[in-house]
Amino acid sequence: MQVNEYKPKIVAFCCNWCSYAGADLAGSNRLAYPAEVKVIRVPCSCRVNPMFILRAFQRGADGVILCGCHPGDCHYTSGNYYTRRRMALLFSMLEYLGIEKERTRVEWVSAAEGAKFAATMNDFVATVKSLGENKRLEDLRCKR
Amino acid sequence: MRKCSLSNSTALFNKIAENATLYIPVDLEKGRVAYKKYADGMKMSDALKTDRSAKDFFFPQTENLMEFKTEGKSIEIIDNRSEAEDFVVFGVRACDVKSLEVLDKVFLAEPVDSYYKNRREHGVIVSMACTRPTETCFCGTFGIDASAPKGDIECYKTDDAFYFNAVTEKGEALLAKLDGVTESSDEKAVNEQKEQIKKVLDKLPLKDLKADEFGADKTDKFFNSPEWKNLSEACLGCGTCTFVCPTCQCYDIKDFKTNKGVQRFRCWDSCMYSDFTKMSAGQPRLTQMERFRQRFMHKLVYFPTNNDGMFSCVGCGRCVAKCPISMNIVKVMKTLGGKNND
Amino acid sequence: MQKITREALIEKAAALLSEGKVDRVLGWKSGEFSYDVTPAIFNNVEEMQKDFVYGDFSGANFSKYLVKETKKDGKVLIFLKPCDTYSFNQLLTEHRFDREKVYAVGIPCDGMIDENKIKQAVGDGILSIVSESETVKVETLYDGVKELNRADVFSERCLNCKSKKHVAYDELIGEDGLVLDSNRFDEVAKLEKMTADERFAFWQNELSRCIRCNACRDICPACTCEKCVFDNPNSGVENKAAANSFEEKMFHIIRAFHVAGRCTDCGECSRVCPQHIPLHLLNRKFIKDINTFYGDYQAGAEVGSRAPLVNYTKEDIEPSEAVNRGDE
Amino acid sequence: MQRIGVFVCWCGSNIAGTVDVQAVSDALGKEPGVVFSTNYQYMCSQAGQDMIKQAIKEHNLTGIVICSCSPRMHEATFRKTAAAAGINPYMVEIANIREQCSWIHKDMKEGTEKAIVLGRTAIAKVHLNTPLVPGESPVTKRALVIGGGIAGIQTALDIADAGFYVDIVEKKPTIGGKMAQLDKTFPTLDCAACILTPKMVDVAQHERIRIFSYSEVEHVSGFVGNFDVTIKKKARYVKEDVCTGCGLCTEKCPQKKVPNEFNLGMDNRRAIYIPFAQAVPKVATIDADYCTMLKTGKCGVCSKVCTAKAIDYTQKDEFIEEKYGAIVAATGFNPISMDKFDEFAYSQSKDVITSLEFERLMNAAGPTAGKLVRPSDGVHPHKIVFVQCVGSRCAACAEKGKEYCSKICCMYTAKHAMLTRDKYPDTDVTVFYIDVRTPGKQFDEFYRRAVEEYGVHYIKGMVGKVSPEGNKLIVQGSDLIANKQLKIEADLVVLAAAIEPDKSARPLATMLTASMDTNDFFTEAHPKLRPVESPTAGIFLSGACQGPKDIPETVSQAGAAAAKVIGLLSKDKLTGNPCVAHSDEMMCNGCSTCEKVCPYGAITYQDKEFRGPNRTTLIRRVAQVNEAVCQGCGCCTVACPSGAMDLKGFASKQIMAEVDAICK
């Protein structure tokens, strides 16, 4: 029998045009990745406010990943360029505060990259799993 | 009067900590001073004041009130207050001791605030006379005697010893438990220190500040003063004065959605905030001038009106030292206080 | 550098008031002690002669007051130290006040004193502080007069002064200075070199003292929102006190993020923090990262410049590289 | 509180195979706010949709959650279903339990658990959904075409023929563009003028087309359906409506030394000129840079000879303001400058020419009346070397040339080689190429003919250096197939210069808030599916401004752009996407941060009066979103520090509710 295996909670923000479609393609091709990953669809990666990411950690997420169109391919022409800057600064700040940098990630996944989506999620879940539970950005009240 | 030599202070603290959680003021890095839970060998700070007052022990900044748990469509209500353990706060200055009296008026009056009452019952205050009051001190303005700090046990620290005098029953009980580490003493050293303190108090820059013009039923006299506008002009509307104040007692009750339900808690609020006591029609005090006036009118007029003349300022001087723009109750009193404060 | 005197400023204000160029003056008002200087409006020269003060404790950055002041009738005279002028420009860039209603006089600054450092050095009972060119004489209740080196009691931000140059003014008193090479990022770099555990412990200790008085936010010239997200129940992050260390961190991360690229590093946040949390180290981290990732950028150096977070290049650093940069 | 209905789809066994749909609908039925929960084999079928409609009516549902395939598949279907049953279509949320659940998880327990979480997440979002109604805006039934080359001409004609008014803005004195300068066109070798000039005449005579020649777009504001455009009509010092185009002035003008740009400076024209005989409008233009009268006030010959009294030396630039519903960019291309390619000796020898210059030399209306001679000495060349890819496919030398393939050079070089051999069989023709790319109808056949029938020597390799020696040009190149270095003595060298977007495109794109790529070609809304639209609504792309194109391709794209414009202009009102940004004016600071990140220019600012405290009024600058222009990316919502900006349909609260539900 399997002992209570630690299952991290992963929130994946996916832009509607590329990454969400990439996730769909992973599904169409039956490319498995852990069920711990739950996707939130946003119009563009630039819709993702740093507050959403902190919120996810507060609520008990162990990892947050943001997926968008490849730079240059944004459906809205420039949204992901802003995402890239915002997240570079935010992640760097989290790291500065001593929060494990592996818990956050940005990945560019096109609508054609179902395989990349699945591989990315497999890798991210494994990484977060090896870190264990998020303790440094948790809000114990939420876990009650 | 009991005495404990300073060389024996660790034994004293260990003894107190045997039966209750002991908090003593401790020097931290960069001149910071805070109450810390006592651990063996910890050294007590000689600083005049802790950055935050002893209010935190009885009325903490956030406090859980109750919890609602939802399962599907049913709701369960859980009283999840933390039962306070017995604790001793050591080295509380006269002003902060007095502040608890102010808070008692609010929280122990009907309807009694059971959360506060619970903590109050479990806590013992060992006060400490001030040998080196500072320039921002003006407790004398409100009739507080820094050389007679009261509390449950009154304490004096000289160059070589602590001297204790039980003031309340709770204090007597605690002092009795300390017989093994204290000895009986006369009051000579303490009286000397009292004299010494009085001399220093007479030299303080704010010694002449008078509150006589303020007090109960003076609303009409001050409410419409044109000075409020100038005084409040630079106020940022932050909560610094409120949150460092040992007597400010306003709080907000909030619900926090947890994963399974709702945690209801209260947290300090500030009348300086634009979203203080928001009602269906919004904030009753729309401008910073009104909010600013409220705070000082409350300390100097409204509170005395409702509490037999007791001011709700104890002259601890924290707001004087901490206000980002250096506006404070002393300047307000001097500006509004008429002849007495010229 | 020539020392600017209270009298010179009053004289300047008197002239502008009598010429009708300004209707009132935003200045520093003396207090009870040597150090408790309050920003105030002076309506005439008499008021200034009575209470106006300019000296070692006139540190307050007045720029933010212009948001409120320019909504009133008439024109206000404002004195700007070099670092204040950056905030002034940044606020103009964000259309936060009406430039037409301000007459800005640039004044040189040779550094402001941190009263807390004096208190730490001399202890309780400060009766007077008198500043000389190199020293500060402090008279105390208990130990008589003590002499301190001015340089030892400078505010942190003045020790790491980034610029003595005024980037905005209608008129300048004295000579303008230069943008300086400061060591202001040294402390950030020191933290970056620590392990993640050490950094976590450092910030946990610092931020746990936060009492959420909002002084840092309310003094900040970049925080001029009509309603802050932390005061807005609809924002999802509103709270009045941090219930735990997560909420402490969240407030300070979001606060710093919201001013990232707009923060001029004026240092007011750390100056006013009643708990002495080095908040500027959060803002400076963003400034340092911005400079490293996207090229040097000084908010407020010019009006109308495009802040780094509302800009991009196609070759920007990836977030994954950004977080790994500290590993070397 | 919403009354939510949950509908779990089996999708046959696609979902039901790894998700216990009954367990999912049971679990979700217990969620607060859910008043009805069921599952069914095929929710998207007519029967499934009827089930939803019936449940909406029976249970007074206000919100719908469908647990099914990806919203990219059937969101629109279920929205229509909801609308048909009388609730707002935007009260529907989809939980993707097929592509993102049942198809990737093999374990039933795991799949079911995840499906429940995804369902809860959708329920959490629906709780905060609000009915959304798309905004409407009127459409000005007039189109603006910027650029009067073959692309602009074709687009304008197609739009006008469909019954809409069109204005063409052309910066040159005549329309016609590059095609007017060409001699023959591949692969059919019909004469460019013969097929272009009738179209130019059609344009001139079309009752619904106006031509603003010698004009430029000065300013653009507004949005799809409602653009306000200012057109600058440059002073040409000739009254357009009076000039008969007789050309007498252009013969009498004493200033004869003006380089003729139509012939690429290979001959001269007068200071007053008509670019070419078939110019449209056929109106003279005074070149102010050269006109003695305008420069010194002494001359006036043209005025004296003009019997129509059309000359007006006092003419000023004129600004015309007009409203348009759609704008087409057709700004075309130019060959790149050969300045950086001095290894080919372009600046050193007159006999090194570009392909476009070669066109003029071959053209009967050109500087040599169609006789192929060397520009330096007028002697007939016996040996011509053509060099392809000059500045194209230049990845290694990006600072000199372009990384992309200019696409048209292979074919026109084959054309030039063939025409030369046809007309002058004694002239030997060599072509250096990297690859010969001929993917077009009849293209490869055309190229084969050049090689096989006309005996053009094609050498795979690049020319390294051209050096003038005496009256010859020594061409040093490599033959990659024979693997040897070549040295050819040529009389004439023709360079197939890369083409680049016209310089006017970049400032125009800024005005239009249309995006461009790094090469300054306009970006299309989608490279495959929306190739003639800019991402900015109401802006369309025609011709080489979008990327290198030959004439057939340009004309078909021009027609496609016209079709898109016609589709837009035929609507009386535009219905927008209701999921757009919205600014809460009470919280907006007017700081202009959001405006800076908006790729569509959808945000403007207004000084507005607000009620202040205690019966005062305050004027505050606040942001306003033009819902017709906003595409709903949400970039502004994060840029906004105060949180005043939010996105309908993807509001911060909704997303945070989803986060909460997932992390529960």
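Going by the order they are written in, the chains are A, B, C and D; count residues from 1 in each one.
The rule is simple: contacts are C-beta pairs under 8 Å (C-beta built on N, C-alpha and C of every residue); 3 or more make two chains touch, one makes a residue touch a chain.
Everything quoted here is computed from the prediction, not taken from an experiment.
Looking at the partners of chain C and chain D together, the chains they share are A, B. A count of C-beta contacts for the chain pairs A-C and B-D puts A-C on top. When you average the Cα atoms of each chain and compare centres, the chain farthest from chain A turns out to be B.
If you average the CA atoms of chain A and of chain D, the two centres end up 34 Å from each other.
Measuring from the averaged C-alpha position of chain B to that of chain D gives a distance of 70 Å. In terms of their C-alpha centroids, the spacing between chain B and chain C amounts to 30 Å. Taken residue by residue, chain C touches two or more other chains at 229, 235-236, 243, 309-311, 314, whereas all remaining positions touch fewer. Across the assembly, chain A contributes residues 50-51, 55, 59-60, 78, 82, 86, 141-142 that each touch 2 or more other chains. Within chain B, contacts with two or more other chains are made by residues 256, 259-260. Judged by the touch criterion defined above, the protein chains are all mutually in contact, each touching every other.
Listing the residues of chain B that touch chain D in their complex gives 70, 72-73, 257, 259-260, 286-287. Residue ranges of chain C in contact with chain B, taken from their complex: 31-33, 35-41, 60, 65, 116, 119-120, 123-127, 141-142, 209, 211-215, 217-219, 231, 239-243, 271-272, 274-276.
On chain B, the positions that touch chain A within their shared complex are 67, 256, 258-261, 263. Here chain B touches chain C in the complex through residues 30-32, 34, 48, 51-52, 61-62, 132-136, 200, 203-206, 230, 233-234, 236-240, 242-244, 252, 254, 256, 265, 267-270, 273-275, 320, 322, 324-328, 330-331, 334, going by the rule given at the top. Residues of chain D that touch chain C in their complex: 518, 586-593, 596-597, 605, 618, 620-621, 639, 641-644, 652-653, 656.
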